[in-house]
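Both complexes shown next keep chain A, but they swap its partner, so chain B is in the first and chain C is in the second.
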Partner chain A sequence: MLETLKDRYSRTGEESTVRSLLDRESVRSAPFWGPPFLLVALFVYGAVVWNGVLSLTDFTGIGSPDYGTLDFENYVVAFTGGTPTWSDLTVDPIWNSAQNTVVLMIVFAAVCLALGLVLAILVDRGIRFENTFRTIYLLPMSLSFVVTAKFWLYMYNPQTGLINIGIQALGFGPVEFVQNPELKLGAVAFALIWQFSGYAMIVYLAALRGIPSSHFEAARVDGASTVRMYRRVIVPQLRTATVSALVVITVFALKAFDFLFSMYGGYQPGPSADILATRMVREAYANQNWAYGSTIAVVLFVMALFIIAPYIYSQYRRGEL
Partner chain B sequence: MSGNHTTTRRKILKGAGAAGIAGLAGCSGGGGDSGSEPIELLHAWSSGDGNAAIGALIKGFQDAHPDVEFAEEPVNGAARGNLDQVVSNRLQANDPPSTFQSWPGKTLEKFGEAYADIEGDVWTDDLKSNYLPGPKRQAQLDGTYVTVPLNIHRINNLFYNVPVLEEAGVDPDSLSSPADVVDACEAVATNTDAVPFAQQTSGAWSTVQLWETVLLAEAGIGGYRSFIEGNGDTEQVRAALENVVALSDYYPGDASSISFTEANTMVMEGDAAFIHQGDWAAGAYSGADEFNYGDDWGQVTYPGTSGSYLLNMDSFPYFADNPSPEATKTFLSYCGSAEGQVLFNREKGSIPPRKDADVSSLNAFQQDQYDDFTSAENQPPSVQHGLAVSPGVSTNIASAFSSFLENYDAEETANELVDAFQ
Partner chain C sequence: MSDAFAGGSDRRDRLKRVALYAVLVAMAGFYLIPIETGLMTAITSPETYTGQTPFLPPLEPLVSGTGSFSLAPWANAFDGLARGLANSFILVVPATVLSGLLGSMAAYGLTNVEWRGQIAVYVLFIAGIFIPYQAVLVPLTQFWYNVVPLQAAFGPLAAAVPLVQEYHWKLVALIVTHTAYGIPICTLLFRAHYKKLSDEMIEAARLDGASVSTIYRRIVLPLSVPMFAVVFIYQFTQIWNDLLFALTIVQFGDASVVTQELVGIGVSQSGTNFPLRMAAALLAALPTLVVYVLFGDKFAKGVTA
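After this line comes the complex of A and B, so read on.
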């Protein structure tokens, strides 16, 4: 008697659980979020996983990879060099291009953000022709890397380029930038900064506009100088803007491939400007070393994760994820 | 009102659906009523003389074989590397085209297993007896005929602007070694305002082909062959690099910012004396009205390389898993005929690989080059243009030169070049 009642109770309990599960909003909206979710899972995350598996194979040339024997040989080769089993030729380690990638990323991101912040503060001071200046600073971002690379090739021209005309006007000799091992990477970073500091400015400007004017007034009333006011009161409130601009900008640095490809007419920018992206395409498409190309892609992916992870974590801590 | 809106929307949807279905039907109907698939030819000649040349070849072929259907598909973006990626992706998907524009020689190793033997079907005794040994070797992958070379561009040229050299007091025919070229550049620098040696260094390719020409001149055909076989002599390689370093003093000041086209324009406008390039440089000259062969510009075999015709070729290989086997073979046979090659090369500015071609319809410069070619003792393959070395080695060589352009260190680069084969 007691048992049947219990059974019936639990059965209705199950039924009601099922019903409440079906009634849930997340389930009922599944037809809407489901297909895109599946597509992204398959084509983005599926491809990432597949690339990871591919990097453990010995896949070269045409045909299909052998997933039977997986090992970490490619990673050993990537970090120490040597002759891999799948090739007759020795392979250089990726340290040089990895180092260039990191340097480019840090210099480009740091200068871009600093410059963007300064521009945003200046534009925010209620200057005349504010919209015009804003457009001028942002415009380079709308150009493609191919256009800016060709454009900067002209700018750096030792005889007719604007940069060198400026340097010569100051009384110094013409400076070779494009093929100069000391200045090459800096020249690339400078061009990228020119292109993307406007973006950092817009992000900062939006954040500055979001700060209530009472904060400015309160600081003034307390007798803070302009510099002190920005340093102590305003800039600390730009943390979110900094993180989101940083993520976008560093991802652009990882993708500087297009820029180098156009500037140096191919994926051989020379050892001083070689980044992981150019090295990866060289291995995959010029040499058909698909597995090794995937290995470099995984390294690049891990680097991108290191940049994104703190952002996601801070979002999570603040309950926005 | 709102009812009206719904009807309109429905009508639009219906119309769109019908159009979609019609489109799908059109796609599937395009295929194979005729029984044989059309030839699908992928190439990167999407503009300029290359486009005119492939157009002339296809038109000639269709006039000769009106029954064979053609689905020509230029891969846009023009760069050959782009085309290779498209073909590579299609081979991975087991969907090869009928044929595509490829360098012959060692470049064929890239898609090695995908090609099939066409000896007998296309490479008949007629072809074998009319191609010189150099090009014939380049048509083979490990001794099997898999491709048909269509044209030859020469690499070991030295082009010059006649009035500039006259002003400088330099006689180009008297130059007999790469060192003489350096001396001539010095004379141009002292006696004229012109840049002695127009060269671009933003990309490595022009420097690679200059170095390989100098190596051929200094190390001779034997030394050159040893290098491309992987047994290069570091001393010879270094000596050739040092000659390039000496020449680099005479480059334009903005060599790193200009392209080949701009360098070549300097010669055309009398701002530069010499340029070392493949004979596509002459294509630009023949397009200019006021710049004539003999009077305004001239060409000599690069000093020290006489008797050699350093080859750069394009070819159409045959894929084993061919979508249109018979039609492709018919087309490749046409590409191997003197008639097809003359049609193509008249527009392209290069010369036919067959020694029995009637070149009277080609221009005077091409005819001179063709005479040089048919009387050349050696036809060595070019390193830069993919004939002489496998793709992996070629990447290593390009890397070595991209670093050479930064530091001009002959010693270091010589070691890298010899090690490129290991």
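After this line comes the complex of A and C, so read on.
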């Protein structure tokens, strides 16, 4: 104590400001969070900003982008279609793929959560071989989108696919799934649900385990039926789990590009399964409409923000950051 | 009377139990059957493959129509994917280790310190998890191809150092990119872990005069080993399975990774070679499947903790 006091008195003027600045926790911990932060700032946020600027140019891959003349033409084209100055061709607006993106995201997320919840409740009923069942349900999640696409391309095949063999065994004709405009998006959603519903199950299972067993018992003593008990007592307590599973699953849906690229062997899934993620990469990397691709990327980014911002805000409000 | 009642409810309980297991097993079937079908097809010789019973093992000549057993599809798949598999391993190991290590450092620097600004920095890390790759692809391609002279640097390097090839510059670009995009999720996972570490222990070390970096090396790092397992599993799977970054940064050529090679395999003018394609899909999935079967439990605990 005495020493610290003496220390403090011996520091004077400039020296003490420098010392106290160096002593600050923020500065002393900077060597730890600084380098990773620089990488993220440069590659994630720097790139997002650069992409925003690129979306205002007319860059079509020749030479370097011209940052001298910036305008919102690409956004007008994205929302209304037409022939932009940088192309001789008519460019379709993004509404179709935006709609597909939203439909895919909602169907995929809703079914994943529902199936995950049901599975979690079943697994939570004191079963044997719980670890085995859990590992099996989670197994598809370890696969690459590319691999999943190959498996389901095979499952859906009109001649040799297992699903059509089943349908034909029931006496119906073979059904075309993958190239059928009416079933395409559903077929894609189904395969993605197969891959990720196990994740929702794991998240719900952990949440169920966190609910004190007295809640289950109290409801049972009251004579509530099992279904009622889950609906009235247990499910309302799963809000946090639902939000965290939903956020992760939505992010998986935004990444569905890999799946569609592999399923359709390239950038052309066709209009009824085209999502913003494929449209963006196709415009930039196949059609060389780089600036227009950047524009669609900005739209996707804004859509992602609508999911991220409320999530982070709610985490912050609950003091979980 | 009461006995009969008890017997009835007993039987009902048993029936419920049977129904429960029936549903659980049926769901296990649902999750396994695409993989099982793929495996059975992959061990069928392409010449005898008929596609009538893709889910049955190839039992010819015992059961006709099922095709005969062969490992040729696997050998061919390995030939087709060898380059991609090698490149994927070159990519995935450093990228996984780097993103895990940097994520742990970031989480430490933003957790056990008394500094109010950490929340703002942390929010930027967390938001980074959810940003779709599409939002950065065009700048990334521009950056690696037109801004950084990585390609030019690798020419002389390849000539001087054995085993280094000029095309490796694309893998280096991919490693840096995957590291940067992996840091946010790693930071999140580590921070959840570090918040639970005992404050007293760290406070005591601090009072003993241990520096920030000593505390990290001597106390925090040894206690992070279980979390490193989770993070490494997650990052390994994510990076191994990624297609989009490879497609836009590697594009094509010698540096192609396994997911890129897999997209086009098994298709030719004469139609689809399903045994080859399924063998290739399973071969590409093998590393992550093995990791999941061995460490899946640890992973499940880590993500939900």
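To be clear about the criterion, the second predicted complex is superposed on the first by the 296 of 321 C-alpha atoms of A that agree within 3 Å, B and C clash if a C-alpha of one lies under 4 Å from a C-alpha of the other, contacts with A are read in each partner's own complex, and residues count from 1 in each chain.
What we mean here is this: a residue touches a chain if its C-beta (ideal position, glycine included) is under 8 Å from a C-beta of that chain, and two chains touch if they have at least 3 such contacts.
As the structure is a computational prediction, the values presented were derived from the model and not from experiment.
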item: Touched chain A residues, chain B compared with chain C; value: C
item: First (chain B), second (chain C), both or neither touched by A:135; value: second
item: First, second, both or neither for A:287, with chain B first and chain C second; value: first
item: Touched partner set for A:160, first chain B, second chain C, both or neither; value: both
item: Partner chain in contact with A:271 - chain B first, chain C second, else both or neither; value: first
item: Contacts of A:87 with chain B and chain C, given as first, second, both or neither; value: first
item: Touching partner for A:190 - first (chain B), second (chain C), both, neither; value: neither
item: Chain B versus chain C as contact partner of A:206, first or second or both or neither; value: second
item: First (chain B), second (chain C), both or neither touched by A:108; value: neither
item: Chain B versus chain C as contact partner of A:176, first or second or both or neither; value: first
item: Common interface residues of chain A - those touching chain B in one complex and chain C in the other; value: 154, 157, 159-161, 265, 285
item: Residue ranges of chain C in contact with chain A within the complex; value: 20-21, 23-24, 27-28, 30-35, 37-38, 41, 51-55, 102-103, 105-106, 108-110, 113-115, 117-119, 121-140, 142-143, 146, 176-177, 179-181, 183-184, 187, 211-213, 216, 237, 240-244, 247-248, 259, 262-264, 267, 274, 277-278, 280-282, 284-285, 288-289, 291-293, 296-297, 300, 303-305
item: Chain A residues touching chain B - in the complex, by the definition given at the top; value: 61-63, 87-90, 153-154, 156-161, 174, 176-181, 184, 263-266, 268-272, 274, 282, 285-289
item: Contacting residues of chain B [partner chain A, same complex]; value: 81, 84-85, 88, 91-92, 110-114, 201-205, 252-254, 256-259, 391-396, 398-399, 401-403, 405-407, 419-422
item: Chain C-touching residues of chain A, taken from the complex the two chains share; value: 24-26, 28-37, 39-48, 50-51, 54, 64-65, 119, 122-123, 125, 127, 131, 133-147, 150-152, 154-155, 157, 159-162, 165, 194, 198, 202-203, 205-207, 247, 251, 254-255, 257-258, 261-262, 265, 276-277, 280-281, 284-285, 290, 293-294, 296-298, 300-301, 304, 307-308, 311-312, 315-316, 321
